[in-house]
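Same chain, two partners: chain A is paired with chain B first, then with chain C.
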Partner chain A sequence: MFLAHINPLQASIFSSLAVASLLLTFVMLGSHWLRNYVYAFAVQSWLIAALSASVGYFAGYPELYLIAILTALFRGLVLPFLLTRIIARLNVKREIHTVLQPSSSLVLGAFLVMFAFVIANHMNRQSLLAAHVVVLALTIMFSMKFLGFLMLSVRDEAVSQILGLLVLENGIFLGAQILVPGMPLLIEIVILFDLLIVVACFGMLVRFLVVHAGTTSSRQLNRLVG
Partner chain B sequence: MTQSLLILLFAAPLAAIALSFGIRSSRLAEYATVTAAIVDLLVSVPLLIHVLTAPAIFAHSYIQVDPLGAWVILCIALVYMLSSIYAVGYMRLLDEDGRLPLFYGLFSGFAFTMLAACVMNNVGVFWIAIELTTLISTFLVGFEREAESTEAAWKYIVVVSGGISLALLGTVLFYWGGSFVLGPHYAMTWAALHKAAPAVYAPLLLVSFLLVLVGYGTKAGLAPMHTWLPDAHSESPAPVSAMLSGALLNASMLGIARFLSVVNGTSISGFAHSAVVGFGIFSFVIAAFFIVRQTGIKRLMAYSSVEHIGVQALGLGFGGVLGIAGALYHMLNHSLNKSLMFFGAGNAMRAYGSKEITDIRSVLRTFPVTGILWLLGAVGIAGAPPFALFLSEFTILRAGIAGPYRWAAVLFVIFLIVVFIGFLSHFRAMYFDETENPAVPRVLPGLIWRALPMWLSFLPVLILGLWWPHALWSVFTTISTQITGGAR
Partner chain C sequence: MILPDIFLQILQVLCVLLLAPLLQGFILKIEERVQRSRGPSLFQPYRDLWKLFHKECVAPESASWIYFTAPMVAFTAMLTVPILIPVLTDRPLPLSDMGDMLGGGLILTLGSFAIILAGLDTGNAYGGIGSSRAVMLTILAEPTLILVLVGISLLAKAMLPFVVNHLLLGSLSIYWSPAHLFLILAFLSLLLVETDRLPVHSSTHLEIYMIDEARILEYSGPLLALLKWASMMKQVILYTIFCNVFLLPWRMSQIGTPLGELGSLATLMIKFLLVALTVVVIETVQSRLRFYRYQEPLAAGFLFAVLAIVSSQLL
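For the complex of A and B:
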């Protein structure tokens, strides 16, 4: 456990990167515009890549550099590119029907972060400085989970649902870099590729939705009930 | 020997995929798939016998064939075989001849990923295999390309991807917990997690377990995470419904069973079992209500799957040799019986041109022989003797009464009666109600392809209901020692 003897500089670098990612999630939550959504996601992925690289540097895991490069490349460039293409093709610019106003979903999001903190605090058994980083990482992991699910439930547009799912995964990735940097390389790489396939599948499905169901809003997908 | 069996098990569907996509001939794709499925079934039996005495580990411990995994492989291979035969007859009815190679390629790919999930020894790779099953089956669910099936496919992939991401979070937390015991670098195998679990801080272990339970529970269709299931099962082509219900749910239950065995013997073991029992009984109750007031024939079958996956969860949660043996026996019986039900539903749906129960009347006049099989299957799936599901449900009930969850066993019995009445009243209506202006059913070609798998699934259900082979019992005791982690 390199976290057990982490120094203040490293702790503050990790914390600020993690907190910045969380803030970007709030940017997504508060934004009406799908394009901002994608940009926030791209920047968040770059931050996570930076986090991977810095964990790799400080904790001595050279393989994390590879993960950082792949994260930046796939999550930071390829996925946003695919998403902007889907958005351009669908010709939707903004989320029109939201169940919740962005302002109220921000408030709700803030409460979810507090809840995440309570859970994280209960799960931690580290001491002092390491505890700060661990609790922070766990909090952000859980809050990005919660916020992702919040986005999935209050937004109808197909693209924002894909983005919600990607936020769920980003949260896990972010936390995993700090908590378990020693996780086998193979798995991380495969999960990255897996994500690429997921988005490709979603892209295809969105096209089917337009052609066969005539809508990309989940609000209108209401044929199957009961 | 185990190694060559394993290679054959995976080479067969791969060859079928290659043939389907390579030579774009519908007939060839059909026969290749059926052949691959038969090979897989023939391989899965000796595979189970071989690993019963000595579980085998390959590929730097990334692949492990243990009795539990081999048992699920057997169930999956059975459904793969039955539904690929049925698919030959059914898919020709859809007038989509040009897209059939695509269908069979995806179909074998779906089987391949499920079989692969069963032998994954690395927890992370297991997660990836389960995720891949979702991605491939999404396109099978949406295969008919109607508004409903596209909607079902979309809901399926969104709900299940969201749910399964919780399992990934749980897996990461499990690994993190283990790293306090085993050091920062270790192979993320089931055995390693099992070894580390007792020393992990209890709240951490608990949260991790609940996350994976909810995650794989979503994929297994446990209520309240089952919302995708009725849509996906009812809108996909009938052979795919059978695969989803009879095979995919088992592969996901395997994940729950394995994680349950990881936490067995730790301080949270009791709570973990209670959580599984809770989800099980909740699924059972929810499904019972939806079965009673169901109007769609395939949605009826889908809710019956929620019910039976709940029963399996109850068996695992009750634990002990009886509970686990009951759950495993139930897995096999449900796979067989539910395939039969979906095949019958597919026939009826195609003949009457409707998914509504009210449109399907006088089934016996339309299907004199397969109609009887379908009716008997319905009696069996409602849990009546002399069919196999009665035996397995009874065993699980015994385990429940003997253990600390007597309340759950009581609820189980009450709602079993509700399900029995609700399910069979729909069948009574379909078989014996007369209507003023009966729909004229279409006569379907290709009877043999659709009747054969129904016989092949009905006969074992009947035989296993009358006679529980002793060999199976010894398989179950071996697996149950493996799950309960006898050594600890």
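For the complex of A and C:
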């Protein structure tokens, strides 16, 4: 395993990229505007692409370069493009009825990060410097998953729910890049196509919502219609 | 020649006392320049203070002793804090161990507590509103402040600002560690709130959303001058802590020669310049938040402080 003999420079590069992508998740959580979510997601995907390229370079996995290119292309360009198209067609620019105010969700997110850190710390079995990177990667992976769940549960707009799913997936991907860098290429491609299908399905769902419920907020779907 | 320690300590207090109006004037001037108008002179705050000290003191009939003592308490508190923090020298001077960072925070809060009481004292409606808003902000800012202090003490294993300064001087890897960078961001959001800047405070004072101005609306003459000077000094103290302890710990006088102190003063002014320019940029791009969204910048600060603590555990 290459994390067992990682040097401080690599450790700092990996951790700064991972921490920056965690911060971008908080940008999504703390903002009202749908467009900001998409931009933050795009930048986050570029950071993850940079991360997988650097892991590929330092650990000697040439296929990770291809994954990096695919990530930047699909998650960094195609998905944000599709999402901005969906947003542009809707008349929704921001979340209006939030269950949780952005400030409270930031504070809740901070506690989730602490929880993720506690879990990651329990799972750690590595030696000193590797432990630093492993715990950091695990913490950030878990916290991005929790924050994705948080976005899914406290946001009503369909677009922010898609982004919640995508953030969740980005978190898993980020952790996997650092912890098990030799993930087969085929799985990665499958996941990328999955994501495309998710966004396409949500696009359909949004259309359906607009036509049948007259709104894109999933709040309207809570009522039973007999 | 090495200056005696007690002289250096007095010099630190004098430095904060005399630089405070200059910093305020500089920020006001640059803000106006950014908006393409000329702005007041750099030395206008000095002239204002001079003018106010030469006016007579008019007090409302409902004022009690709290009204008259609050400005002295606030001003004295701001004179005390520079003894505890590294302003010019990066080593502890004789009285610096009177209190650590928590002690400094206590004295700073004591000053604003006195002003809050004074705002309530006269029974003026605006004073009450200002005091209640200020208390709400203090309540929101306090957890962040405490967490920043906890983060610093986890990083440096000490609560003394001098130790933190030496730690950051000593190793670049700690300076660039995520824990320290998050602490800088958290302290920056506190700095903006505590020095009456946007996005929480309005840029033009004396309007319906005022917070700090509302508390001192009843004051006039020398007492008003003391209060204004105290708030400018609070700004300088927070800037000093931000620069010398968190952001730019370099180039401070170590031995205490006159030349070294002068150089330390000059670099302090350059550091203030950089931070003030950052603050002006933030004030220019940000609009004021609605009253019920005050907690957002502070929640962001809290988040940064929590992240700092989590990442300091990773080291």
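In this section, the second predicted complex is superposed on the first by the 223 of 226 C-alpha atoms of A that agree within 3 Å, B and C clash if a C-alpha of one lies under 4 Å from a C-alpha of the other, contacts with A are read in each partner's own complex, and residues count from 1 in each chain.
Note that a residue touches a chain if its C-beta (ideal position, glycine included) is under 8 Å from a C-beta of that chain, and two chains touch if they have at least 3 such contacts.
Worth saying up front: this structure is predicted, and the values here are computed from it rather than measured.
With the C-alpha superposition on chain A as described, chain C and chain B fit side by side in the combined arrangement. When chain B and chain C are set side by side, the one touching more residues of chain A is B.
When the two complexes are laid over each other on chain A, the CA centres of chain B and chain C sit 140 degrees apart as seen from the CA centre of chain A, to the nearest 10. Residue contacts after overlaying the shared chain place A:C201 against chain B, while chain C stays out of touching range. When the shared chain is aligned, chain B comes close enough to touch A:G182, but chain C does not. Once the two complexes are laid over each other on the shared chain, residue contacts for A:P62 go to neither chain B nor chain C. By the touch criterion defined above, A:L165 lies against chain B but remains apart from chain C after alignment on the C-alpha atoms of chain A.
Nearest C-alpha atoms belonging to chain B and chain C sit 19 Å apart in the superposition, given in whole angstrom. On the chain A side of its complex with chain C, the touching residues are 8, 12, 15-16, 19, 22, 26, 30, 101-104, 106-107, 109-111, 113-114, 117, 121, 132, 135-136, 139. By the touch criterion stated above, chain C contacts chain A in their complex at residues 173, 176, 178, 293, 295-296, 298-300, 302-303, 306-307, 310-311, 313-315.
In the complex of the two chains, the chain A residues touching chain B come out as 1-2, 119, 122-123, 125, 141, 145, 148-149, 152, 158, 161, 164-165, 168-169, 171-172, 175-176, 179-184, 187, 190-191, 194, 197-198, 201-202, 204-205, 208-209, 212-214, 218, 221, 223-224, 226.
Residues of chain B touching chain A in their complex: 122, 124-125, 128, 131-132, 135, 138-139, 142, 145-155, 157-158, 161-162, 165-166, 168-169, 172-173, 175-176, 179-180, 184-188, 201, 203-204, 207, 230-231, 234-235, 290, 293-295, 299.
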